[in-house]
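The structure under discussion is supplied below as structure tokens; questions concerning it will follow.
Just so it is clear, A, B, C and D label the chains in written order, and each chain counts residues from 1 on its own.
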Amino acid sequence: MLGYICKRLLLTLPTLLLVAVAVFLIIRLIPGDPAVVLLGEGADAASIAGVRADLGLDRPLPVQFFSWFGHALRGDLGRSIVSGEPVGASILQHFGITAAVVLVAVTFATLIAAAAGLIAAWRRNTAIDLAVVGAATVVLAVPSFWLGLVLLLLFGLKLGWLPFVGYVPFSESAGQAVLFLVLPVVTLTITESGVLTRMMRASSIDVLQLDYVTHARAKGLSERAVLVRHVFPNAFAPTLTLVGLTLGHLLGGIAVIETVFTLPGLGRLMVDSVLARDYPVVQGCLLFTAVVYVVVNLLVDLCYPIFDPRVTAR
Amino acid sequence: MAVAHTLKTLAVCGVLLLGCAIAWARAGEVPRAPLLRARLNSDIVSTNPGTRRDENTDGVLLHIVEGLVASREDGSVGPMLASRWSISADGRVYTFALRPEVMFHNGAPLTSAEVVWSLKRYLKPETRWRCLEVFGPTGIARVESISAPDPHTVVVTLDRAAPMFLTTLARADCGGTGITHPASVAADGSWITPIGTGPFQLGEWRHNQFVQLKRFPLYAALPGPRDGNTGGKHALVDELRFLIIPDSSAARAALVRGSLDIIDNLAPSELMGIRGRTDLQFQSVPILDCYTVLIQTQDPALQDVRVRTAIALTIDAVGLTKAITRGNGSANNSPIPVASPFHHSVEAQLRQVNVAKARELLKAGGYDGHAIKLVTSRRDPQMFDAAVVIQAMAAEAGLQLQIDTVDWPAHLSRYIAGTYQLMVQSFSARLDPALSFGVFIGDKREEPRKVWDTPRSRELFDQTLQTADPASRQAVFDTLTRDFLEEVPAVVLYNSSHLSVVRSAVIGHQNWVSAQPRLWGVSLR
Amino acid sequence: MRVWLRHAGSGAILGISLVGALLLTIAIGLVWMPYNPIAIDLAHPLAPPALHHWFGTDEFGRDVLSRSMLGARISVLIALATVAVAITLGTTLGLLAGYLRGWTDRVLMMGTDTVLAFPGILLALALIAVLGSSNGSIILALSTAYTPSVVRVVRSTVLSIREREFIEASRSAGDSALETIVRHVLPNVLPPVVVLATSLFGWAMLSESALSFLGVGVPPPAPTWGNMLSESRPYMDIAGWLSIVPGLCIAGTLLGINLLGDALRDWLDPRRES
Amino acid sequence: MIASVAAPLLRFDGVRIETSGRAGSEARTLLEGLSFDVAAGEFVAVVGESGSGKTLAARSILNLLPAGVRQTAGRIELQGRDLSQLSAPEMRQVRGAQIGMVFQEPMVSLNPAMTLERQLAEGMQLHRNLPSDEIRRQSIAMLERVRISNPLRCLKSYPHEFSGGMRQRIMLASVLLLKPKLLIADEPTTALDTLSQREVLELMVELAHDNGAAVLLITHDLGLVARYTERAIVLEKGRLMESGFTDEILANPQNPYTQRLVASLPRGRADLVPPPDSAPTLLQVRQACIEYPGRPGIWRAGVPTQVVHGVSLDVRAGEIVAVVGASGSGKSTLGRAVLGLKPLAAGTISFDGIELAAMTAAQRKQFRRDAQLVFQDPYSSLDPRRRVRDIVGATLRHVDDLDAAERRARVQSILEEVGLSSFGDRFPHQMSGGQRQRVAIARAVVSRPRLVVADEPVSALDVTIQQQVLTLLQTLQAQYGFACLFITHDLAVVRQIATRVVVMSGGIVVEEGPVASVFAAPAHKYTRELLEATPSLEVAVLPRC
């Protein structure tokens, strides 16, 4: 198993290197100079050049890249131009919030999808099936941020049940922090459950037609036992891959939902740092996202054999 | 069996999540009442006064640090850490007498040594002081020496007379030339934290979430009531917390539901839905800022004054101001703000919209109908809205303007490099009219961001810097205003107001001509 | 066709009617609009839906209905262009990777993995910031973000077709590699690609509005449903119709497109039971 | 085994099965008025081609009909008790405990995500409350009984780790552990090759006899019916054609359909005449070796696996040579290599004396025209997106001396010869398996090739249609005189069509020679086993009256 993990990680190194180079170049192509942003409207040429020297932006590009990437490999992502904070720490702090929302939301979405998909496939072409498919299709059509806006308007503003401004971290008061996360989690759960339900239903339909399901019934098992013990594990395997893919992307930051609910998550951090030309933070964030994407996909592949033993970790 | 497996994996996910939640539950102190909560629309950029800054940063830091002198309510300069000062006959030597009873936040008394250290630090190039250029070759004067004959006296000697010296020291964007204790800086010169003499001291700064200030119990306040950034500054709450809420409707909703006490610099568009409420107090005080359309006179299409005049004639400043500031701004075509004591009859002239004349001038000026680019940014909603309105108004006269919305860094870079045809730009409050003109006038080769570069205008501008007598300065300002309206290097649109709204429980909040928040002397019922 | 319609059931009919409504709105918009969508009327900002302004006005007094009609045209244009670029580029690369295998396959797959490692929206954000926010740069940015998913679908379909016996039959009949691809592989790749195109259209429209939400969308004053929605944010509590109208337009269009996509999948692949 | 006087074990009485009118389509009758009895311990076959309703009959016993299909009339009695009236819990008591069922596809008849131990124990835990170690002991005993090596390891492993034959045996073990009174075997060995088919069936018979269980064998293969069942029931398109003792029905079938069924069994033909010795050798294969590249790791290249090593054979012009062997013996790979579709690792293949590898472009173009391939799976060998006319005309596109009109005429004439004259603009999915295979043959023959390689052309078809396609191939071969390399695993077909036979096993040729002599006195052990394991041969031997 360990050999397989090392091999997989080695395979992703070139991709990560490519991502690092791409990020490094793209952010520098964006017009607008971080030094100018720092000094504001009154900046004169001399002090701009001075700040650029301080930040090492005047060094040749390759030198800048290798010094940054060298440190990155050792875990030091440098300091933010805007706040001077170490990039690594601020990424982890923002990532914590994004991870909390994404992990909870994707877990709920997966549970909902697994149940709804299975039952819809089991009771095909009946009222339940049409309802589930209808709901999933509608959910797929609704833009996530609009849904967020409506929920915020309804539960935050009008009914005032849930706070939605001035995020209070867990350290401040766990109760408040949880309340803040309810709305974003609900929004994300609804948005993500749509595609997962459709996937689970399709794979359940395929599995239900296979002989070993009829065989299970022929053994005298109850319908429930057949569904849970025989249909679910085999139907859940392909859905799990989709969950892995979604998880990989969402952990990269749900910028839009974080904007709607003013959550200082990784997505928000990335958008702000791109808009403020905070090079180290942007580079750190995107590299971190790429690593998360790779690790999550690896994790999903590792627990895939639980559902489908044919796929052994070769 | 297979199902047990699935439940096991989901349980692992749950535990992982719980671990995350507990990991952050560090012991944080429970907020104590009374706590005053104000709002910032974006995080401060640093705690180093007058260096890495923006409007929000200046506003917050002026609660922590104080300069030798500070602006009064009417914009003039008054005593702060220096109880009085004398100027030599030739206007070059300034002798400041320090107030004896002032203490730093770390308990050390204020002596001339710390003042000299602070002033010298500001003048060092690596500090990147915003106002260093004022004392550079293109500035008003060079500082020859700073000395401390005794623990309570500081003498500053300039190379020539500079009536604007004290005004510069008081400028908010220079950090009020705040005096800080040497312990604010580490051994290697890197900035740690602002140890000032203000009514509040810095508490916790949690990025993108809040800036917390705590009351400084040993603060030695000047006698008498508040007077601008000076006068009696009393911290009436134990803790002041600036919450960072970028989204305006979220901030408004928080105010309505009581999880926020003060929304200070409110954008006019955020006013809707608040004005009618009884549980909120609303204030609007004109300030000395300026919203203008800069014109790149070196651009081939805009070199002809007739084209520039035509552009100015298509803009109905009164209508535009009313629409954008919801009636809280005052239309104004002159660089001197309406609220400035130097704003008289000449400055009050307003161009009347004349679409026919504008078409005629455009034709005469050789405008061939192709689109002229108007650069704006979303950072300040008023700038964005102004561009949209100007474009619509220009279209009436057949003038094709194409809006180029860029984000704030790109906007600033193009402003400083002068790479634009037209640009909607807003300048923060300048308490002295000379500074207001200084934004437009300057040598384009040296500073590409200046728009008015004629020998006559620069000569007149220097005069305003040299003379201290208000009457003669007013005459020069009138001439400059007339020339400005004549040559149209830019079209000033309006001066906005400092809009703020507070919960009824808040007592003593009073805006003034400077745009920054002022939260000393404010308490909760 | 009629048989298929009855068989496809209500989903397809609803899908066709929604998409039809969208196309009708755009067609009418080309000829007539109640007001000039860009003209401002500072006298009546934020007027609620009433007789002369059916969908009310925005903060500049511009008519929301006219802006929705013009917005429909631009949003659909951007989404269509993005789908066109992503599909053509993605299909070509997918065909090469799937059929030629070997090094081309490995290099192309590494390229797609790199792009996929970026969160879509942020990649688009960075590209737009570089190219300046014009319709063209948005289309380029969005198609770059979505081409990898097309490459992956096409590649996996080609891999399965490649093993089918009629490919061997074509080679044994003397067709060259190119002829085999054009005559046999491409026609069989089209059905899954067409279905993917419909969901891609939905994603593109969602991303365009998300980009406007983050402030880098289509530059004003041209309206798209996305930037109308993001500009309606400050007035959500006092002028709800400003955000409800574009939201419903986007949701309605996407619902129509998705239903059409499902119906297309069943029609193009008769063997699959609905 | 005379039927006992008491109520029979299983009785079908006027059973009718219909599709429930759903989504507009009106109700269709799939099975009408089926009545028959099965006595305890008796072996009964239900015979019919695809679409005859035999599987539906089997599945209706345990009420396992697919969605949208219902039993609308008649009674199914198990020892006098009508199963169709049972409530769900009552039916669940019957399933597994009283009646066991074995399915067709070994690949999907066992749950891939569940260890075999749990799948075997599942039935026992449900119907017999035995302690788990007792269940484990019985499972191991049963596995040994079905000749599974190392039963302990087998319990811990997953289905995909076993071959098709072993999997069917494991399934038998799991069903018979519960000692059911009736075992329904729904085409249990159709997907297996001849040798493992024989093993599984003989095992099934032994175990049934041990437990005194009756067996209801659902199949389309008359050979199996002859060898393993006492009575048979013949179905066609949902109707009972004939029922009675197996050997009577096979000896002199009364019903015309049964007669056609028995007649379509491949029989030896005396009139097969080998080509004259003067005929030149068209195809020479000398010491051919073929490899499949292994899966490459990151650095090291994949380890290739040898599939064919050192095979030599000749085909003379106009001669039909059969290549016979089990699946995995390399016969299909050899067939493709002969057409140059698979590169040789060693050895040579030459056509008309010219080595394939050394052919010039022009020679290769001519070779493409002279050598054609007919595939096994009608669903995969025709491009679903193209009309029949394009498919058949594909090879002609590369023939220069024909203009468009002549090409169209040539295609239309070949379509007429294969009996599909009006099918020109149809799509493959609009045609039956038999019709598609005729299109495949038309495609191969239209360019007047001199060699046709037929890779198991009929094994995917029903018996009656198989006969029609074989006769078509023979008439075309006689008419155009092309040589044919006929690849199959069914020795009965070999006897009907080929004059010479090459027997392959494990990638090498174990025996070769004229069909008559090889069949009469097989020299190699493998050939003998293969002959014995082919049941349909015996039936064909029966006197025709």
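By our rule, a contact is a pair of C-beta atoms (placed from the backbone, for glycine too) under 8 Å apart; a residue touches a chain by one contact, two chains touch by 3 or more.
Owing to the predicted nature of the structure, the values given are computational and were not obtained by experimental measurement.
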item	value
Distance-to-centre winner among chains (Cα means, whole assembly as reference)	A
Most extensive contact between chains (C-beta pair count)	A-B
Most distant chain from subunit B, judged by the mean position of its C-alpha atoms	D
Distance between chain centroids, defined by C-alpha means - subunit A, subunit D (Å)	49
Centre-of-Cα separation between subunit D and subunit B, whole angstrom	86
Approximate Å spacing (C-alpha centroids) for the pair subunit A, subunit C	22
Rounded Å distance, subunit A centre to subunit B centre (Cα mean)	38
Junction residues of subunit C - those touching two or more other chains	129, 132, 215, 233, 236-237
Junction residues of subunit A, two or more chains touched	30-31, 157, 229, 233, 259, 275, 307
For subunit D, residues contacting two or more additional chains	23, 113-114
Residues on subunit D engaged by subunit A in the complex (per definition of touch)	22-23, 59, 62, 64, 67, 92-97, 100-101, 103-105, 108-114, 122-123, 126-127, 158, 160, 171, 174, 298
Subunit C - residues contacting subunit D, complex	6-7, 9, 164-166, 168-175, 183-184, 187-188, 270-271
Sites on subunit D touched by subunit C in the complex	23-24, 336, 339, 341, 365, 368-369, 371-373, 375-377, 380-386, 394-395, 397-398, 429, 443
In the complex with subunit B, residue positions of subunit C that touch it	38-40, 42, 45-46, 59-60, 129, 132-133, 215-216, 219-221, 233-239
Subunit A - residues contacting subunit D, complex	7, 10-11, 124-125, 210-212, 214-222, 229-230, 233-234, 237, 307-310
